[in-house]
Amino acid sequence: MWIYIAKRVLYTIPISLGVSLVCFCLVYLAPGDPAASLIPPDASAADIATIRQLYGFDQPVPVQFAKWLWRALHGDFGTSLQTGRPVLVEVSGALANTASLAAGAALIAFVLAVLAGMLAAWHRGRFLERAVTAVSTLGISMPSYWLGIVLIIVFAVKLRWLPATGMGSGAATFSWLDWHDARFAVLPMLTMALLPLGVVMRSTRAALADTLAQDYMQVLRAKGLAPHALMRHALRNALPQVLAVMGLQLGYLTGGSILIETIFTWPGTGFLLSKAILTRDVPLLQGTVLILALTFVFINLAVDVLQTCADPRLQRQ
Amino acid sequence: MSAALPSAALRAVAPPGYLHAIARRLRHDYVTLSFAALLVLTVLAACCAPLVAHYDPYATGLLGRLKPPGWQGHLLGTDDLGRDMFARLLYGARMSLAMGVAPVALALAIGGTLGVLAGFYGGALNMAIMRTMDVFYAFPSVLLAVAISGTIGGGVASGLLALTLVFIPSLCRIAETATSQVRALDFVEAAQATGASSLSVIVAHVLGNVLPALFVFASSLISVSVLLAAGLSFLGLGVQPPTPDWGQMLAGLRQAIYLQPLVCALPGLAICIVSFSFNMVSDGLRHAMDIRA
Amino acid sequence: MSHIDGSNAASHARAARLAGEPAADPRDRGGLRQPLLIARGLRKRFAVRGGLFGRTMAHVHAVDGVSFSIAKGETLGVVGESGCGKSTLARLLMRLVEPDAGELIFDGEAVGERTGLTLGELRKNVQMVFQDSSASLNPRMSVAESIAYGMRVHGATRDAARQTAHTLLEQVGLRAALFAARYPHELSGGQKQRVNIARALALNPRLLILDEAVSALDKSVEAQVLMLLRALKAQLNLTYLFISHDLHVVRYVSDRVLVMYLGEIVEIGPADDVYRNPGHPYTRALFGCQLDTDPRRRIAEAPLAGDPPNPVDPPPGCRFHPRCPYAEHVCTTRVPSLGDALAAPLHAVACHMHDAASAHTRAGDPPAGMPHAFRADGDASDARRPPDLLRS
């Protein structure tokens, strides 16, 4: 098992390199001179020369990549053209906000999904299963940004129970402890929870249904085990599969939050990304994408390792 | 022994093939059939939009802005620039459906080919292709789509490129897994033993066994593509105004939710219904193909 | 099956052939005396990867220095347990797998050499019938299409190929009108195997390799397929390489038998000889494992000892020595040779006990006769048979 984990950890290195390469190449996708997109509009001639020398635009592309990578490893992801602040500072502040939202949404989604999945798998073939399947399919078909708008209409505009947009009183990072600010997180979290809810519900139901259909489940039933004990056994066996899906969804939540954060004007990484696109702030765009992608890679790594530790079959390898 | 019966009559007696079995199973699956019918209806409506819609989707009317459904013959009301919602929805269906199907079709062609080649030849080619796919797989789909589309700039072409790149890795993986499984079976060895070229073996024997599973998976991606494409337009990256597109309409009407919430929710409802239908149809297909004949 | 004397069928056929029945085959290039296939020094190792960077940790010696020949018109049986390399050998003979070393000579021409037979030509002459499994026929292709594929690859038109496919179906005992349009999932095991045979015959081969072709069939169906194979052999002037783990079946069909263990040939010789007088301790143990239903016929020699073989990095010297009841020090250091196994009628054994010049204490004095009372009924030459009390 440890060899597998070691291999898996080592494998992250070439993947991260590949991801960095893709992000590096994003600049070249932008129309026009790649050099121009990295230079702030009000730069003086001396500034331009410095930047050119720093990025090495007169040198071959692999050298540019190496220089860029070297800087990234030291925490220098560039400077935002818009604000002039280092990208790392911008992103780390925003990442904390997104993480709070993602964690809350994940919690709601996963708990509800597992419960619903258990219900559906248990009542196989009956109405409850079909209802749960329909809800989960709806969850993956509904555009989250639309749900956000609908929730805003219902709860903020019509009922006026919750605030429509923003993150609260103006603090840079979100804190759950501040109840007044916490209200702002309710609608975004609920919206964010929709897609993971659908996906995990489907996976849980499928995994549990498969497990419950196995022969050894029949044996346990014949032994006289009570339904809730049976479900406990089934859950334990289906858990590794479900955990894998959950981990993936957590990664998607963190990395793919742009749409929801745009609707609710939540100052997270997604919002940062959409601002960067609007203002054509290429260093910020590049840096944000890189950091988010690497976060996703490491979340996947953690999930893989956890799954290996949790699955006794893999331990024996 | 009696004389041999004419083969035409025998074919009626002989049990049907694999595709017939699937069609037969689908014929009794009313849920899938009804959603498939809904999709067909939507496609037809989109194609015949000029005939069905009474109003011009581009015609603005500053006096009749954000009117509720039924106002002056506008079936579903008007948007923030006074344009007929029904017409815009119909014309928007074209873009949204196209941006749902086209990226998946392209990704199927490219990713499927790469996956089959990787699975059939194995070795270094497999490593090269699959490791490259792993790198793209390491990005969350929305992030990748937005990053590519965002750097290139808006427009249908960039949206198409971005979405195709998002779907290629997963289709490639499915194709590679299926192909390597089929490759290990005896009949492929037997085909190679006749001296056939690899291309002939792939086309005649491997593809027929790989494509069904691949198609079913691709069909499940269409609903995701519809959502993602609309999302890109929502951010201003995909289809550009004034071309009607559901995601873009949603973005444009966002500010107007305080005045006319019902009208503003319509484009999102359309996206939801289409995506849901694609999901139900693909689920039904997968279920029909699950049980071996 | 055990009461059918297989040796008689093979010897009758041989007698008929020697009596002067013409075996005029227009494809014959080397003459009657030239062996149809000569394999020399075939070797194939597979690497076992593992560890941190996928390094090659060990090798599986699937086939290690195998040499033998197959005469025209004979059936050579290959016997051995799972993992002995039979299937790899079959694939090496068809060049579905490239050997690490060794050569193949088909009807006097070297395969793969510039002056000899090309791979394409070899494929037309040597075909394989696979074990009946759900994987031996393409589930998406009808029976006729599966059979016709090989012909279409070599340029036949669709109609011509279909016609030939129908003829082949009739030849293997399936009515074309009923079966041509069927799919594999609509066939029984025996029918699928007949289709497999028809498919192998589509390219008009001279050598047919039957890799466990009847192993998965019910006994009655197995008998039918074996009789079909025998009929086809006579009709089409075929040569068979019959691979199986079932000793009874191999005896029934084979003229000569080859016994494999861990990638090497341990014994080769005429079928009757090998079955009546197995020389190698492994062969004796194999036959000794056949239990008889008669309680008076008991196992006379010790059964196999030791652990089942690990094909990865086999033991030095004679590969059978960890399990051999007669093993001595020389067996762990020197590899016993088969002698000139390419000389066909000779009964050769790769064992130090059979080599008078070896350092084994029993050199020149190997255990002889049957290990126990495994033999065909009516064999009067066996003195160990107990008196039949029920007969007067």
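Each chain carries a letter (A, B and C) given by its place in the written order, and its residues are counted from 1.
Here is the rule we go by: a residue touches a chain if its C-beta (ideal position, glycine included) is under 8 Å from a C-beta of that chain, and two chains touch if they have at least 3 such contacts.
In this text the structure is predicted, and so the values were computed from the model without any measurement.
Novice: Which one of the chains is farthest from chain A, going by Cα centres?
Specialist: The most remote chain is C.
Novice: For the interfaces A-B and B-C, which has the higher count of C-beta pairs in contact?
Specialist: It is A-B, judged by the count of C-beta pairs in contact.
Novice: Report the chain ID whose CA centroid sits closest to the centroid of the full protein CA set.
Specialist: When every chain is reduced to its C-alpha mean, the one closest to the whole-protein mean is B.
Novice: From the C-alpha centre of chain A to that of chain C, how far is it in Å?
Specialist: The separation of the two C-alpha centroids amounts to 59 Å.
Novice: On a C-alpha centroid basis, what's the spacing between chain A and chain B, in Å?
Specialist: 24
Novice: Report the inter-chain centroid distance for chain B and chain C in whole angstrom, where each centroid is the mean of the CA atoms.
Specialist: Each chain reduced to its C-alpha mean, chain B and chain C end up 52 Å apart.
Novice: By residue number and range, which residues of chain C touch two or more other chains?
Specialist: none
Novice: Which stretch or stretches of chain A touch chain B in the complex?
Specialist: Touch residues, chain A against chain B: 14-15, 18-19, 21-23, 26-27, 29-31, 137-138, 140-143, 145-147, 149-150, 152-153, 157-158, 251-252, 254-256, 258-259, 262-263, 273-274, 276-278, 282, 285, 289, 292-293, 296-297, 300.
Novice: With touch defined as at the start, can you tell me which chain B residues reach chain C in the complex?
Specialist: For chain B paired with chain C, touching residues are 4-5, 7, 10-11, 14-15, 17-18, 185-187, 189-197, 200, 204-205, 208-209, 292-293.
Novice: Using the touch definition up top, name the residues of chain C that touch chain B in the complex.
Specialist: 91, 94, 96, 119-120, 123-124, 127-128, 130-131, 133, 135-142, 146, 149-150, 153-154, 175, 177-178, 180-183, 185-186, 196, 199-200, 202-203
Novice: Can you name the residues of chain B that touch chain A in the complex?
Specialist: For this pair, the touching residues of chain B are 131-132, 134-136, 138-143, 146-148, 150-153, 223-224, 227, 230-231, 234-237, 247, 250, 254, 257-258, 261, 264-265, 267-269, 271-272, 275-276, 278-280, 283.
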